[in-house]
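For clarity, chains are labelled A, B and C in written order, and residue numbers in each chain start from 1.
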Amino acid sequence: MITADVIYTLQSPDVTYSSGSKESIAKKVLPPDLADSESLVFVSKPDQLEKALKASSPIIVAHKALTLPTDSKSTFFITHSVQLAMATILPLFDGKMNRFNQETKIHPQAFIHPTAHLGQNVSVGPFAVIGEHARIGDGATIGAQVTVEAYAQVGALTILHPQVFIGAYCEIGAHCEFHPHTTIGADGFSFAATKDGTHKKIPQIGKVVIEDYVELGANCAIDRAALTETRVGRGTKMDNFCHIAHNVVIGQNNVMAAGFKVAGSSKIGSNCMFGGDAAVSDHITICDKVIIAGRSGITSDITQPGAYGGYPIEPLRDSLKTLANLSQLTRIRKELARVVKHLGLNEE
Amino acid sequence: MITADVIYTLQSPDVTYSSGSKESIAKKVLPPDLADSESLVFVSKPDQLEKALKASSPIIVAHKALTLPTDSKSTFFITHSVQLAMATILPLFDGKMNRFNQETKIHPQAFIHPTAHLGQNVSVGPFAVIGEHARIGDGATIGAQVTVEAYAQVGALTILHPQVFIGAYCEIGAHCEFHPHTTIGADGFSFAATKDGTHKKIPQIGKVVIEDYVELGANCAIDRAALTETRVGRGTKMDNFCHIAHNVVIGQNNVMAAGFKVAGSSKIGSNCMFGGDAAVSDHITICDKVIIAGRSGITSDITQPGAYGGYPIEPLRDSLKTLANLSQLTRIRKELARVVKHLGLNEE
Amino acid sequence: MITADVIYTLQSPDVTYSSGSKESIAKKVLPPDLADSESLVFVSKPDQLEKALKASSPIIVAHKALTLPTDSKSTFFITHSVQLAMATILPLFDGKMNRFNQETKIHPQAFIHPTAHLGQNVSVGPFAVIGEHARIGDGATIGAQVTVEAYAQVGALTILHPQVFIGAYCEIGAHCEFHPHTTIGADGFSFAATKDGTHKKIPQIGKVVIEDYVELGANCAIDRAALTETRVGRGTKMDNFCHIAHNVVIGQNNVMAAGFKVAGSSKIGSNCMFGGDAAVSDHITICDKVIIAGRSGITSDITQPGAYGGYPIEPLRDSLKTLANLSQLTRIRKELARVVKHLGLNEE
């Protein structure tokens, strides 16, 4: 429950007070379709605004392109980006950190090795394991049943949700958030073939380094390097089920949708976006500012910023044509047969 | 070990007694190829029946279309559906619940918050965590190392296998079964782009609601909604590695094979089937009674019941032709070049 | 930190001493690009050798095809396979087992059922669960928060990293290594359709058998059989996110890259390789010595050894042509239209 005044007080460049009482109270946040008389509502289209007004929603955050009524009892804020307005206001309604409430910051049923170093105000949940010489930064939150192995590091204010695994020697930055069942620092997949057909394991003695402000979804896996490091750059965000193989280096501020996979030793620049289930082969280099459509398969370097798609990869516009023409393939085959017959040519 | 009489006593509409002694004893269940003189065998084809007879299997459950011998010492049951007969009889041989045996229903090494509410006859395994104000229904089984976060609810008789995660505020119905490493209620993937290229997290303050009789395989992930709820309808079944993004609404009695993915805010009807690795884009609507082939990519609404496949999606029959013609593509290209040359046209 | 003498003492057929002091000391291992005066370096190309020499790396392991200098202070070993040399030497630098160090082999906060049987020198981490009548072989390592359910078996010297799940009755061989969040023995996906549209679960009363020397990556899932067993043969290696459905039988020494999936009851031979995201339909048989390109979809039996790719599958050479021609599809469609028009044929 918040008052309009709390939003006003944020003085965010992304949310500007427009009109109405600063005493208005919103008990929850609802989408326009479900707006009611107790809800804050974000609106970007005229019909959404209409729904919120009809429901007498107490606080309405509207895109600046909308025309606001002058006779409404609602309190209005305007924004140049509804997404940014949500990122600004929703933390006021987010009870996430309450999940980690416990009577003592360090749960008595956690196991913390005596040589581990915990910063100020660290929270450790029940049945979590912090290994020898591991270091946990100030204000970090280690969920229930998490393992942070020996010599691993977790930065300040980072949140590890329950059941996350951080392998030995791996380094996690500050302000990161990893969701359950994500695995950092399993061995890279590397075997040497022998003459008798068996495969001999090549030990993976490197680590994983994850920079600040990285978010990883649930059930992701980032493998440790063979010798040096697998790296994920500052501010990169990954959805569930992403797979990052050993020695991969990923730059900053990338966004990877669910099921993204990249094979060993590839390098990805910064400010890229990858659609769901897109995959990158091994030893590939992708430059900055590349946008990749879902399901694309990247098997050669990308050296020019831009949008791409398909498998094999093409400029996005071409790949969409290829996709569209796929369903013409049966017709094409038949028509070609007709032409060949018409010309009296032999089938080859 | 059961007697034929135990099956008889079930009085199931799917399994009818035909002939033979009700004292016959089966110690195990084997497929026809491995049938022996101690096994119950399900048979749907004449050669399978022959194998079971040759092995002198004590109990044979046969499809009604088969002609049964009159001179056999085996006990026969008949069924209109071998699958339904298996669903009816195999529970008699299933020791699954024995896995959760322990001296006390609540393992002394579990952590249960004092404000959590546990129904009658609830089982909680070692190192499980039940958060504050969480509610566990009568007869539910919470496996080892499970986390049920604050304010989450788990319905009566539901089974959470070890290492499952149920996030705060999520609601799980009755008679559900979730396999290990499945994540319910990780954050939806949602970020607002800023001018400096960084991405600001949009808090996900919604929840996940899973209705009764839902089964989820191992290593699945169902994200919580941005504001309201992600929902999976009654009786829907998912195989391993399924990904359900935020705000998705899935109807009843659907079946999703392994690796099924659906992106944010899509709506799926009831009584649909999805093959392995099929994927649905965001904000898509799919009506009831749709069958989707494996690997299909659904990027537009489906409004008519029926079978579909491919990427982009086509009616199944057409998509199979497209697939078949794909391997003709090289020949088509060459033949077209030959025609162009024959006609004296220039390549363009 | 090792001396060259330690490598010499291995007397490995894959690493032969060539020249230089056996007292040379390497503190670490680095790739040629990062070589320094304290590092052992593996080199397979002339420019890599040059880098290592320039950096005065104390120990250089070179492919036998390279010409070694006679005036260097480095110590040289030669090898017929740099990969095998890495598999031989890197264990000397691998601190993996240190992760599992603890004051007592059995951590006091583990739960081990009184009827479980642990061999000699078994290590069990904090919050691990070993169920009733489970058997753990000599020298096995059971990581933190692992569950080994009732009657399951784990072979000698096998390593289960933290948070692995081994289901009841499953049998894991010796010398195996499974990475975090891998699930062995979840139920196969099997339901009987009823007339009212609901799905009745067919209990999965079989098990999983994994033979010796199998390695599984993080977040894999291998389902238990319906009646008998799902089997993975000796020496097979799988990367992260592999899915093996019920009743599947996989032979020996196979290599599966990340995201490999195989549906129910299929049989895969030995000495095969599968690229990333390759998938096999149900009830398929694949013979020995088959190589499958990444992303391939196998929907029919493969009876001849060789390399294949595509969806549908073709011999690899053909599938590469099909892929290449895909991006010609738009041009093909246009050119064919031009031909049809030129000939005065009607579009059909």
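By our rule, a contact is a pair of C-beta atoms (placed from the backbone, for glycine too) under 8 Å apart; a residue touches a chain by one contact, two chains touch by 3 or more.
Note that this is a predicted model, so its numbers are computed, not measured.
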Turn needed to bring chain B onto chain C - CA fit, degrees, nearest 5: 120
Classification of the chain A:chain B interface as same or different, half of numbers criterion: different
Chain A and chain B: spacing of chain centres that average the CA atoms, whole Å: 26
For chain C, residues that touch 2 or more chains besides their own: 127, 145, 163, 181, 219, 241, 326, 329, 332, 336, 339, 343
Of chain A, residues touching chain C in the complex: 111, 127, 129, 131-132, 145, 147, 149-150, 163, 165, 167-168, 181, 183, 186-187, 189, 191-194, 197-203, 205, 219, 221, 223, 226-228, 241, 243, 245, 261, 263, 279, 281, 297, 310-312, 314, 318, 321-322, 325-326, 328-329, 331-332, 334-336, 338-339, 342-343
Contact footprint of chain C on chain B as seen in their complex: 29-31, 34, 81, 83-84, 86-88, 90-91, 93-96, 98-99, 101, 107, 109, 125-127, 143-145, 161-163, 177, 179-181, 213, 215, 217-219, 235, 237, 239-241, 252-253, 255, 257-259, 270-271, 276-277, 294-295, 323-324, 326-327, 329-330, 332-333, 336, 339-340, 343, 345, 347-348
